[in-house]
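Questions regarding the structure given below will be posed in turn.
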Amino acid sequence: MEIYINSSFAISPYDSSRNFIGMKDGRFACIEPDYDNILDARQLRRMSRIMKMALTAAKKAIDDNGNINPDAIITATGLGCLEDTGTFLTKISDPDNRMMNPTSFIQSIHNTMAGQISLFLRNTCYNNTFTQTSLSFEHALFDAVMLLNEKPDNSVLLGGIDELTTLKFDLAERLHLAEKRSNGYYGQGEGSAFFTLSGHKSKVIVKEFILPFMGDHSDIGNYIEAKVDTNDAILLSGNPGNLQDPDDETIKQLFEDDRIIDYKQYCGDYPTSSSFAFWMANQLLNGGIGMPDLDSDLSDVIIHHSYPGNSQSLIHLCRS
Amino acid sequence: MKVHVIGTGVISALGENSAANYHALSNGKHGITADSSYLDSFVSGIPVARVMQSNSELAEMLTVSDRLPRTALLGMTAAKEAVQPFIKEMAGARIGYISGTTVGGMDLTEGFFRQEMKGKGSGKLSDLIYHECGKISNLIAKEIGVIDFVTTLNTACSSSANAIMLASRMIKSGYLDFAIAGGTDALTAFTLNGFNTLLLLDNELCRPFDSSRKGLNLGEGAGYLLLASEKMSQKLGIDVHAEVSGYANASDAYHQTALSEDGTGPSLVLKNALEIAGIHPKDVGYINLHGTATTNNDIAEGVAIKKVFGDNVPAFSSTKAYTGHTLGASGGIEAVFTVQSIVNQKSIAALRFNTPMPETGLIPVTESKPLKIEHALSNSFGFGGNCCSLLFSRKH
Amino acid sequence: MDELKTNLKKQIVECLNLKDVNPESIDDNAPLFGEGLGLDSIDALEIVVLLQQQYGIKITNAEEAKAIMQSVASIAAYIESHKSN
């Protein structure tokens, strides 16, 4: 069956309306809305930042889909709730301060977002959270598509969320990223992007996705050559900053230079950044709203998310 | 396409393989014998169910580095047991490794943080590289080899039950021929302190479904099922332990850490798992409970069981009285136990049960005795209201 | 005792991030959970940490916590009676 993107909403470091990117010294930060206007005070008082970003994006995506309560909630997060995890870890590691708050433990768990969304929507349906490093969002998308094939009348809320904290930024810089940054690495990022998917027709189809297990990596290039007219397509490449990556280069060679966007220059590098690319692709195919100038005959977007020497994936979205 | 269980692997405080675990279960011998202070000197006197082997002993058995996170070492041990007998036959097929975990490489991360407290910059950064849950799965999948698809779920204490459900759906939909599905979690200071701040730990041995219960005991371990499509198990002429005949996931949508008192989520998954399989409640012979022994869980689960089964409640027990609550591993470990109860046509005795909860009056099976089990359920519920129930059926 | 109650109210509002609540408006005897202030069981656990931090009171049992935390007055009474220990 054809699966469509019915609505989407992203909180990201990129403001497409004024072409502004929230990035300083290699640290991308989401441009966040005023949550007081979106969520009520009682809901907000205990919520961590990642939770506010997730719930807001989920709520907006659902609102834009006629407020239909979904039949499944599937989220993806590579690193989970880092702020609360860091807070709790710091406290248990400090022999002089053993006062630990239960809230930070409760909210450190990866499925906090999916659970809170179900609570907020009073939604008792299927609820799952994927955490497979840079393939987390792809696997959540895979589950969503499998679910819609099992139950064609359903609609699915799908989201990718990761947060960047000061602690994580500092540790990753110490680990290896400071050095990488001098070689063109864009920087660490974060974001929350949510979508509703179903069989109900809309402008954008989730045409295909290729994950490594469905074949070897050469399948991705072969697929593009066989199925995509690259003159009418855009490639959203997940290279985190012109780094050497033979897999990435192989795919880029199939497109003219002006049809390639390195999407991580807008959102930074984070495990579920392909959910930002998924949002960007949907925006592009819906008429390029607030996006870099593009011709109107754009029919296909290919998202290629590769990590040098690690995982690879392709997502193909097209106009219906 | 039917989904068959063709192998099992488990490590817990009861022992290092499926046979040792089942031996302890059959003899009513629990493994909640360690004192929590070895994890964190500030939290002492709380019983925990610790896997007997140290990291270096596990690493030696596996012939891998002992610098790996404990969650990975436990997972490798159980996953290898499940897959080893068939590894040759499986060559060339599409094989998935689908795992649940909640702590990932937290034990090493804790070591890093403790070191950093002594002086910023003194922590070993290499201790952080396996922090991500997905990295644990990658380590285990690489150790097994021949894996085409790896993914990880973290839905708190229902993680590995959801992994088995996802793997079964993938086989059913034709994406995979075989799957190693379950989960792994090591005991950590992080979870010990976490459950301690929630006042959910009993400082005595836990008493699931007993009116005197005060909370849970934490445990650690890993448990995996080796699943095969019916087509593959027939083609290879493999002995089938049981069939995964039903599964369901639902959200309780009530509270961040507690279940609704009317057991909304738990009764939904029990009902839906039976419905998928087309099984009548009266045909279920045994339920392996989530049964954490917290006040809240046992009431919600008990109420849900009464709702779904009415006056025909099957034999049931909680094996957390043996293994402790192994969090992200519990769904996998308990799926193995549920399959073993079907294979052996025997109940697993509830431990330390004296007085039924006044709210439900339910009485678990307290003997290990021959029992006709055509179908058996395994329940797993997690924070965030995440509920999952798996239904296994006997193969004739 | 009155000063203790006033402090408790301020500490509870701050600790639980109750932005829309004026500490002075909390009645000494009003129930904190359910109807009254509308707090839930996670708030109760946070108050357990608060009491340990500010008053050195250790509560390890959920049932005990429930009994102590009926109202600001009942918490204050508990603190008073455990002060000398």
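Which chain is which? They are A, B and C, in the order written, and residues in each are numbered from 1.
Keep in mind that, in the parts below, contacts are C-beta pairs under 8 Å (C-beta built on N, C-alpha and C of every residue); 3 or more make two chains touch, one makes a residue touch a chain.
Since this is a predicted model, take the numbers as computed values, not measurements.
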| item | value |
| --- | --- |
| Contact graph of the chains (line, ring, star, complete, other) | complete |
| Most remote chain, CA-based centroid, reference being chain A | C |
| Chain nearest the overall C-alpha centroid of the shown protein atoms | B |
| Euclidean distance of C-alpha centroids - chain A vs chain B, Å | 29 |
| Distance between the centres, which are taken as Cα means, of chain C and chain A, whole angstrom | 41 |
| Approximate Å spacing (C-alpha centroids) for the pair chain B, chain C | 37 |
| Chain B, residues touching no fewer than two other chains | 197-198, 255-257 |
| Overlap residues in chain C, where contacts from two or more other chains coincide | 42, 45, 49 |
| Overlap residues in chain A, where contacts from two or more other chains coincide | 100-102, 106 |
| Touching residues (chain side chain A, partner chain C) in the complex | 41-42, 45-46, 99-103, 106 |
| Residues of chain B touching chain C in the complex | 197-200, 203, 214-215, 255-258, 295 |
| Complex interface listing, chain A residues touching chain B | 73, 78-80, 88-90, 92-95, 98, 100-102, 105-112, 114-116, 118-119, 121-133, 135-136, 139, 143, 146, 149-150, 171, 174-175, 211-214, 271 |
| Interface residues, chain C side, partner chain A - complex | 16-20, 38, 42, 45-46, 49, 52-53 |
| In the complex with chain A, residue positions of chain B that touch it | 40, 42, 94, 96, 102, 109-110, 113-114, 116-117, 125, 128-129, 131-135, 137-138, 148-156, 162, 166, 169-170, 173, 175, 189-190, 193-194, 197-198, 249-257, 264-265, 268, 382-386 |
